[in-house]
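Should a chain be cited, it is by its letter among A, B, C, D and E, assigned in written order, with residues numbered from 1 in that chain.
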Amino acid sequence: MAAVHLENIFKRYKGTAQPAVDDVSLSVQDGEFMVLLGPSGCGKSTTLRMIAGLEAISEGSLAIDTRKVNEVPAKDRDIAMVFQSYALYPHMTVADNLSFGLRRRKVDSQQIAARVKSAAGILGLNELLARKPAALSGGQRQRVALGRAIVREPKVFLFDEPLSNLDAALRVNTRNELVRLHRRLGATMIYVTHDQVEAMTMGQRICVMNKGKVAQVGKPLDVYRAPADAFVARFLGNPPMNILKARIVQGPSSAVAALGGSELPLARWARAALPPASELLVGVRPEELQLHEAREGVGTLRGVVSAIEPLGAETLLMVSLEGDAGDVMARLHRDVKSSIGDRVGLTIPDEALYLFDAFTEKAIPAADVGAP
Amino acid sequence: MTSASTTLKPPAAVDHREPLTAALSRMLRNGGLMAAVVLYTLYSALPFLWIGTMSVRTTSEISANHFAWPETFHWEKFRIAWVDSNFAQYFWNSSLIVVSAVAIVTLLGAAAAHCLARYNFRGNRLVYFILFSSIVFPPQIILISLFQVLVEYELYNSRLGLMIVYVSLQLPLTVYLLEGFFARIPQDLFDAAKMDGYSDFEIFWRIVLPVGMPAIATTIILNFIQLWNEFLFAVVLLSDQGSRTLPIGIRAYMGDYFQDIGMIATGMMIAVIPVVVLYAFFSEKLIQGMTAGAVK
Amino acid sequence: MTDPSSGVAAAMRRTLASWLSAPEADSRRASLPTVMLFLAPALLVYAALTAYPVLRTFYNSFFNVADLASSEFVGWAHYAEVFKDRTFWAAVRNTAAWSVIGPILDVVVGLLLALCLYAGVPFSRFLRVAWFTPVLLSYVVVGIMWVWIYNYDWGVVNGMLRAMGLESWAQAWLGDPRFALGSLIVTHAWKWAGFNMVVCLAALHSLPSEVLEAAELDNCGWWHKLTDIIVPMLWPTLLNLYILAFIGKMKVFDLVWIMTEGGPVWSTETVSTYVYKRAFNWNTFDLGYPSAIAVVWFFVVVGFVVFFNLLFRRRERMEY
Amino acid sequence: QQQQTLTMWSHWPDEVSKRSFIEERVKQFEAATPQCKVNLQFVQKADLYTSVKTSVRTGQAPDIFWLEPDEIAFAKSGYLEPLDKYIDLANLEDWAKRAWTWNGKVYAMPQEAYSVELYYNRDLMKKIGVTPPAGMQMTQAQFADMVKRSVAAGITPTATGVGDRPYPGAYFLQEILLRKLGTEDYEKLLTGKLPFQDPRVIEAMTWVKQLVDAGMFPRSMATMKLGESHYYFHTNPGALMFPIASWYTGRAFVAPEKGGQPKDFALGLMKYPAMDGSKCPECKTLAVGGSYVMYSRSKNKECAGKMLSSLATVENGNKWMESVLLQTGVRTDPSRITSIYAPYFKELQERGAGARYFIGTPLHYMSGKCGDTFAQVLNRAFPGGLVSVNDAAAQMDAACKASG
Amino acid sequence: MAAVHLENIFKRYKGTAQPAVDDVSLSVQDGEFMVLLGPSGCGKSTTLRMIAGLEAISEGSLAIDTRKVNEVPAKDRDIAMVFQSYALYPHMTVADNLSFGLRRRKVDSQQIAARVKSAAGILGLNELLARKPAALSGGQRQRVALGRAIVREPKVFLFDEPLSNLDAALRVNTRNELVRLHRRLGATMIYVTHDQVEAMTMGQRICVMNKGKVAQVGKPLDVYRAPADAFVARFLGNPPMNILKARIVQGPSSAVAALGGSELPLARWARAALPPASELLVGVRPEELQLHEAREGVGTLRGVVSAIEPLGAETLLMVSLEGDAGDVMARLHRDVKSSIGDRVGLTIPDEALYLFDAFTEKAIPAADVGAP
């Protein structure tokens, strides 16, 4: 078991202008389940592979516990990794796949047998030990890949999108298994994914990455509720948060965000906290919007229904705001009766409003910080 | 391999020594590797260099010292060899025979490979096996009777005859390579063209051939190399000096110059240079095609 | 269907119809004419220039064929003689030795070269061309070149040995039955290693890099990566190459013919050179006897290939 | 009369004198016979045989081509046209005619003939301090001694290369055997009627084997080509002797830069030694060499016949001798020969004076397996020191008695 | 434009025991957007390919409009198909890909140019006409594949999971584009997918398939609300409907379904409508379950929270029912406060209850049929 510390880590591939990993600092605690989340190409895999020692670190320092390991070759870092493609040895049986890493480490054979048996038991692979990977289903392969990591009893487990090759049902199952495994082993795990559901349900903390940089680190719900910037806000949540351009105008009691014809009071923000520029971004999650019969009044967005997607369990309404202020998506109760072309109003609870700087896209915290 | 021993020590002890030993062993390893690479490169390339130097030296210079660097470069030897021996004719014969044989075998082979890769019909695998299995036939099993057959067809001692023999020689390999590749062209592509209204033959012509180009290029190059250098059938099936191909020409040329090593070296260079130059240009294609899975 | 004859006729008609009229609504089916359009030319060439000559060779082997116009039936006599023919057996021994040992050399060297390139030695583009170049050369050129290299008085090999003060090691490499076959095998490997290298390189590049990385995390140094992961995973490719080389060597002719013509004292005689000699080089003019050798050899080669296939049948398709 | 173009293939692309001799004859013939054109090609022997052996079966062989008498099987298989009615047989030497006679018919125009000679380098001979005896024939002991001295002086005693020929390695042994056995028994030996295991043969072979073991032949013999062995003898590194047929001149008497012998080369000719107890020390091999034959399925027999006939004249025989410095199967009048090489030619004739000729080389008598075994064992392995006497004799007997 | 009629269609592949398509009858109206929905391997693609003429029909009759086309080859059916893999011709430019089908049909070249231009305009491909497919992004390739179908102006459009290779964001966009395209062209479209969101939002009608058979055909919401059997009920909806084994017991006023310790009154079902057997399956969608403080009373499921997945926008609660009656998933408001191990009650509105036969898995309609 070990903690992993990344300090100002950079990765520059030859022939690319942007670094693939750009000044990343991150500490993963001993025994923590940390998720790296981000869109495709944001540098998650690269970060993971640098931790594993499969990719040279261009700059910065990587430490496992207190030891700097930048120069330690992969095979000596005592880290196990589960690859997206599983990377099972196709010419070995499941048993050999499991024991290979131990044999190479000269663990004595009785202990190997014991560890393989125990891992196979945990993962339900007992029946499959004599098969080769080609004769396994996707889910079974996945479990062998996991088993291969478990038997090693490494300091740190790394996972690179290990579930993305599984079908939906299996994914949910394996997700739960992994969480249980983490609880049981108490090991340090770093888990890469671009699936926000995985991140939300599995991570003790998540680290959202964007374009090689760390956008935000925190507990899943904290990040969901208090995104550090518009990127994180959009990336977590499905359908994503509505983010609209607005102008700040002086209202009667507080500042007001004007979107086309609609006005939203910014009661929770002190005037001083707002940026000097007159523009900012206003965000609201689709599930926070409520259909409002009256269609009028402060705190209400007015517009025309431009699309309805009844999903059965709920209904999504796309509303084009008045005055060309953009489209918003509302996630409403399944019984909502509305048709395309209806003029509607959408209310937003005060505390559901997010503000972002129009240029830096950074979140502008409300006065009652921390509990939006 | 020194690092294997270091892993057995406790990590703390390794900590500061690791980089040094690792770097040292890496250097040694790389040094050894580089030495092996250089040696092998010399081994595979020195013969050319040697023949190359001999090709611009006279035989008396050569026999004085076989390994000296040419003092004066006798380029005129190339002209002499080219003019005095029938090289122009051999070149033309080889080109004519090999280019047409490769073109035909590619077309026939591609058509058959496409058919075998794409359609389900009874006997598909049987036909494939029959075509492919002739790859194991020792040449002598057909050489003698092929000679008789060509005589009967009145194709003995004709370039046409040798050309169609070449087609039959390279057919199995061509079908084998292309079938493997064509089978991996997605069925969807084929279906899409069908829905676009194209007939089976048009699809072959307009979709399969262009899409299969990497593999086709590979087979073309391989077939070309093999046929360009083919010797046995050319010796047996052509007797007329006017229709000889290049390998036979070089052999005859050796005879004509007998103990004139220098001239023979010149002749060899004349035969080698075009192929090597060609390859230098197309090596990328060849390797691409092979990597694309044409051979595996 | 009660009347059997009409039933048969109907069945025939149906079969015929199903052949001729395409079940066009199935994109993997094609009508017989379409299939034939694609296959016929190749099959025709095959029938005329491979199948027929093979059968003809079988036929020849029962005759004395001195002149094309006339031949004399001799039954199994040629075969009886083949089995007593000491030169034939010497040729078989040589060819077998060559076919079994040669490919190992080819494939191992090819694999090592490919690994060098795969490991990213500098100038790999140049090296790839340089190492492949011998493949391009005709046997005639290679043969002459190596006859010179092996020359006793001024060849490169002896030259280097002498330069290193190993005069006593200098040999008439092609003139001594102890070394001649080995020298030919080395030359042959020189020519073909590049081909094996390219194929191995292609196979290496299609290996999933993640499996190699997994091996690295499993504490494998380069040696164990090679023996425990790379070689097993390339095994099908290596086997294919081995069998291909094996078949090639069972046929080997040109190089021997150019370099030694089978000598000295039949120490490099191969079945191919022997057949050729007896058919076209000896002053006996009989095509029947060499045909009989060819037939025997045909079955030996096919037997070996079948044997290999059985031996390696278990090799399941590896997915990665 | 209709114009005919005949194809004529000859060996000797690398032997300038023979080549120009033939080219000139052809030119003369074409001038004299306007209705006949000749497409003349010079093709190296190996290739020529390869081509001809396949094409005769097909009806597409050249009208006239070059053969040596060891290929009499061409005639036996019906591929050659008897020349009796085309050329004046009276212009041919009897022994030459015999070499090409089968079933009572003569099948070739024996252009070239040769005796098997032992050339040596006078300078080197002096250097090792040996003076050849007056009759130019050494005794067994003298010869062995000379070989030893030569080896001791670091000089290869005999240049021989068998890389591309099935016969030169056996010249020495063959001449020793001929002298030892005499013509009749020698012929029996060659035709399989006398075993190689005969004690006299074994004795001769044992002696030659001793010479071989003493280092008489170059180690590079097995791969050395015939042409290279010439060069080896006269230029680099130089050998004491060169056992070769009298057609030595074809390749040696050309400009040095073309591979010929050096201008001032001290060429000498001696007789092969006779072993003690030889039956016929004066015996010597005379053989028909390159000859021209007519293809039996030729479509231009008339012109071909005229062409061959034009070669078979005494006048041309003389011209051949004069320009090529070599014997011929055509009758000649040697007294008329003059050239810069006249001294050489005189010496050649001296060596032949009083000789008893045996007509033909071993390969003229051996065919198939026997010929192949001769080429491999007696021509290569035995002089190369690779087989023992008994082994070699046994192998020869196994191959030749069966086929003989 | 045309209608497509499938009548008792079978497809049997050689060497398989089960038919891949098993007695499918389906009528697609002229101009309709019909979605074929079902799990992997259920025969959707096979059905589509039979319609296209790429697969021979083993039995049954296929008609386009009134003409039986079983034997008509693909190239003469005048149908366009968009493949999951796009199947763009890799050696042709986008323009050539678009015009390839028209050139074969001898459309004159001016018209080809016009149609290509118009299709490129609709799909925003104008900039890309000279590129080859390899130089296009996934979404662009998708549009070219669409364009290739559009220019043909065929009678029927077929789509085989055309969106499954796109990433989430692009998928939503293209989905909308396709719907708009359908509205604009008014063409008959048959669309295969295994994604229920696509089916719900795009289809005018959906045809749910299972194991080669048609399970149910109908409007999306109708099918969602009144699934014909337990398979359809589970398949539509995410998380899927909870379906539990229950015993029927006689209650005071109506029958009651007993699940472990909990009892659910079956007020909407006449006694007679229930099957004689005492077992049946009870279904309830996760979003219909409400957390009930009281934890007691009829119509309440009681159990222990075994997992919590806070997804941000909502929270999923996995509850293990008392008496080993199984697990139910509830989809609750994001603010729900609960922790693992809590004993909770879940209420179900009467009208949210579904019943299925325990053996046939067919739905048992309530007395107030049609509006559950």
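By definition in this document, a contact is a pair of C-beta atoms (placed from the backbone, for glycine too) under 8 Å apart; a residue touches a chain by one contact, two chains touch by 3 or more.
All values reported here derive from a predicted model rather than from experimental measurement.
Within the contact network of the assembly, the step distance from subunit A to subunit D comes to 2. The most distant chain from subunit E is D, comparing centres defined as mean Cα coordinates. For the criterion of most C-beta pairs in contact, the winning chain pair is B-C.
Our note on geometry: subunit C versus subunit D, Cα centroid distance of 40 Å, whole angstroms.
Each chain gets a centre from the mean of its Cα atoms; for subunit D and subunit E, those two points are 95 Å apart. Subunit A and subunit C, compared by their mean Cα positions, are separated by 56 Å. Note on chain placement: the centre of subunit A and the centre of subunit E lie 28 Å apart, centres being C-alpha means.
Within subunit A, residues 73, 75-76, 105 each touch two or more of the remaining chains. Among the residues of subunit C, those in touch with two or more other chains are 27, 29, 68, 219, 221, 280. The residues of subunit D that reach two or more other chains are 50, 54, 57-58, listed in rising order.
Contacts from subunit C toward subunit B in the complex involve residues 27-30, 32, 34-35, 37-39, 41-43, 45-46, 48-50, 52-54, 56-57, 60, 68, 113, 116, 119, 121, 127-141, 144-146, 148-149, 154, 156, 159, 190, 193-194, 198-199, 201-203, 205-206, 219, 221-223, 237, 240, 247, 250-251, 253-254, 257-258, 271-272, 275-276, 279-280, 287, 290-291, 293-295, 297-298, 301-302, 305.
Residues 208, 210-211, 213-221, 224, 228-229, 232-233, 235, 316-320 of subunit C are the ones touching subunit A in the complex.
Interface residues of subunit B facing subunit E in the complex, by the touch rule stated above, are 186, 188-189, 191-199, 202, 207, 210-211, 213.
Of all the residues in subunit D, the ones that touch subunit C in their complex are 49-50, 53-54, 57-58, 70-74, 77-78, 163-164, 218-224, 237, 367-369, 371-372, 376-377, 380-381, 384, 386-387, 398. Considering their complex, residues 40, 167-168, 172, 176, 197, 200-201, 220-221, 224-225, 236-238, 285-287, 307, 309-314, 331, 334 of subunit E touch subunit A.
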